[in-house]
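Chain naming follows the written order as A, B, C, D, E, F, G, H, I and J, and within any one chain the residues start at number 1.
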Amino acid sequence: MEFLVSIKILPLPREENSAKLYAAEALRARELADMGVIQRLWRVPGQKANWGLWEAQDATTLHKAISSLPLYPYMEVIVHPLAKHPSDPLKAPQSR
Amino acid sequence: MEFLVSIKILPLPREENSAKLYAAEALRARELADMGVIQRLWRVPGQKANWGLWEAQDATTLHKAISSLPLYPYMEVIVHPLAKHPSDPLKAPQSR
Amino acid sequence: MEFLVSIKILPLPREENSAKLYAAEALRARELADMGVIQRLWRVPGQKANWGLWEAQDATTLHKAISSLPLYPYMEVIVHPLAKHPSDPLKAPQSR
Amino acid sequence: MEFLVSIKILPLPREENSAKLYAAEALRARELADMGVIQRLWRVPGQKANWGLWEAQDATTLHKAISSLPLYPYMEVIVHPLAKHPSDPLKAPQSR
Amino acid sequence: MEFLVSIKILPLPREENSAKLYAAEALRARELADMGVIQRLWRVPGQKANWGLWEAQDATTLHKAISSLPLYPYMEVIVHPLAKHPSDPLKAPQSR
Amino acid sequence: MEFLVSIKILPLPREENSAKLYAAEALRARELADMGVIQRLWRVPGQKANWGLWEAQDATTLHKAISSLPLYPYMEVIVHPLAKHPSDPLKAPQSR
Amino acid sequence: MEFLVSIKILPLPREENSAKLYAAEALRARELADMGVIQRLWRVPGQKANWGLWEAQDATTLHKAISSLPLYPYMEVIVHPLAKHPSDPLKAPQSR
Amino acid sequence: MEFLVSIKILPLPREENSAKLYAAEALRARELADMGVIQRLWRVPGQKANWGLWEAQDATTLHKAISSLPLYPYMEVIVHPLAKHPSDPLKAPQSR
Amino acid sequence: MEFLVSIKILPLPREENSAKLYAAEALRARELADMGVIQRLWRVPGQKANWGLWEAQDATTLHKAISSLPLYPYMEVIVHPLAKHPSDPLKAPQSR
Amino acid sequence: MEFLVSIKILPLPREENSAKLYAAEALRARELADMGVIQRLWRVPGQKANWGLWEAQDATTLHKAISSLPLYPYMEVIVHPLAKHPSDPLKAPQSR
């Protein structure tokens, strides 16, 4: 099942090592992409925020994936469940 | 440039031939998909609404594409411009 | 997967046979309950609206169930996907 | 009487012992579940938040139960009162 | 249990006999007041709307009372459940 | 003139003596109740917030009363002016 | 007591004589101005809406004045109660 | 003085001659542009709406200009007043 | 040109000398009143906020006046431009 | 492609050298203006906020420009994509 996920990164508290955290975040995002969980990721222009197309068995699995991101404690996340549309050009995400 | 487009279909006025209009809509959506303008389309569950991933040169070209849909007079549309994200699994939409 | 679904019934157009439509709605709701799709249903006090606990394979299946309701053309629906919580008293909806 | 309760956990201040507080929270949630006050609990995917189905005599009793949770000082809570719906598959929560 | 109820009256459709409906509404409001269900009623200045203090066993009973009002089909209603406050000057509504 | 007042208590800064402040608050609330300024007070279930029915000559007098509360610096307050409703069961607050 | 009143005029139904209604509205507004009830009136630029400074004994009297306007059935009105400010250049509206 | 004006065109009632009205609108927009009142105009992609940069002596003059547009009865307009910014690349609109 | 200005004062940081700042604020408000820039000022009851009627050449001059207030760094300000209304009892603010 | 960009500057943390940061901001804004990226800039009266007309190849290029501003970590930014309007007085921004 696909989900459209909006993630906004809040300001990090001063005691956090920001560079290290962002590096770990990019690494974990890459792992989730390799696992097929993160399908696409776009930056919201002008914001520390992104839109993502995620693929997960259900909301429980999705939550585990999102909360495995190192920046998760500093995120505001909204999850939009997606249903298949008869006019979708791609029949299934696996087929890509 | 990619755009995330949210489209909500309003109730059609009684004098419209609803079946005919929806058929024309599906046809035009297919054309836009074949042209690579509509990349993905998902239904919002429980709603006469969809999320779409659109590809267009700029907002002017995008507007022409959206307003070419037969249901356009009965749509509420919100366009979110998308910037590339360094962790996006897909490097470019053309490469698919 | 469970979903929390908020449904608001809009005023019916005058040409609709309201009593007949509501009877058909109750019938279909009962069928969905018997199939285990609608698990619980509550009325929002003072409103022509309800909260429902729905169970479906994914958002696509849920959409089919919701849009099979006779009053669907006159509904405003919001779907909240639900993930399992470690402190949930019920381990799984099937176990009831 | 049943209530649908939305709880969002705010970031804890640094001086709080977060692990200890969450353990106490789980314990108290279990007690409220054993007493039949918390009937169901779901996590909002991607958020430090939950939806709960609560059962209490009235709003005063419900407030006592909610405010007995150790994380209560760091919660944003919205209470939705629920009325019985004629199409509810479960006749009464006690009958489960 | 007490409830704070906000009621907004929408414009009546032309085919309704407005004077008759409002007279019936006042009559039913008086009955609900005599039964102790409506405790207080205030007009929102400048609006066809009111705030009311209602007393009912639970949300189900409250819904029956509100939906017994002749103008109910043309109302937007929001129900706020009320818990007792230790500094409330009135110990119980019955004691008045 | 009556006012419906919604008060939300924000988190106190750490340097405040919370127990002392709340005790002073309860004392002042009692004084305002004895003066007939606070007529009723209800807790919003699940929140550090209350709804109150206040009686004051005008908005200036009301502001003086509200801002005399010890917790006033930590309050978010919304004042709803109330007009008399012809169906109000109580003719005048003084008559109680 | 002074009130800041925001009034938005909704589209009139076709059967209303719009010119006649607006003329009657201007007449009644002038009467309320002569009585000192309407102190100031400003148009919201680009909108069929106005801000007004009204003077009335209390919310009940204000409601009578507002609802005496011929366009009242087609208005959306929000009333903001005003308290005196120590830095107000005008000591009292009567003194003008 | 410059104003940023957001205009949304509502659906026209059936009895209006839509083509004629839009032609008159374009004509009047051209006149306002020639007079220097409308400086720039952009379409909101996907919407029957525009953003405009307007120049007028004050809000009263601006209102006269906006309400002179033939589609004015079917517009939702929001006016944002603009102040000069020290880093504005253009010193004054006249200098263009 | 007249403006309706809504100002909300945020909590001051602890290092600010609050009494001194408020005294300077009152002084500057008086100066702006003497210059005819602040015409009227009202307190929002129950809030550290005010509504003001301001008179300025344009938005740039208004911004200079507002930002000259000592509390400006701690203000949330919303400016509503005002156009003349044909039924305004006062012909011009200067005539007072 | 043109974008309408709304930027709000949040309060700077105490450890930042505010004067230095604002000077660097003005310098970078001037560079972006010289490059034709910032076309126009207006201050929102009464706020530490601005509206800007930006020109960029696409949302990715725009994001790079906005995030190159020294105050970017303390900004709330909303980007509105703009399409060409047939009644726009200026045919193209380059022609100015």
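Quick note on the criterion: a residue touches a chain if its C-beta (ideal position, glycine included) is under 8 Å from a C-beta of that chain, and two chains touch if they have at least 3 such contacts.
In this text, all values refer to a predicted model and were calculated from it rather than measured experimentally.
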Just to be sure I understand the contacts, which chains border both chain J and chain E? none
Taking a step as a move to a touching chain, how many steps at least join chain B to chain D? 2
Rotation angle for the CA superposition of chain D on chain J, to the nearest 5°? 145
On a C-alpha centroid basis, what's the spacing between chain H and chain J, in Å? 22
Express in whole angstrom the distance between the two chain centres, defined as the mean CA positions of chain D and chain I. 45
Centroid distance [mean C-alpha coordinates] between chain G and chain A, Å: 51
Send over the residues of chain G in touch with two or more other chains. 3, 43-45, 59-60, 62-63, 79, 81-84
Listed by label, touching pairs are A-B, A-C, A-D, A-J, B-C, B-H, B-J, C-D, C-E, D-E, D-F, E-F, E-G, F-G, F-I, G-H, G-I, H-I, H-J, I-J
Contact set on chain G toward chain F in their complex: 1, 3, 58-60, 62-63, 79, 81-84
In the complex, chain C touches chain E at residues 11, 43-47
For the complex, which residues does chain A have touching chain D? 3, 5, 7, 59-60, 62-63, 66-67, 73, 75, 77-79
Give the list of chain I residues in touch with chain G in this complex. 2, 4, 26, 29-30, 33, 38-45, 50-51, 53, 80-90, 96
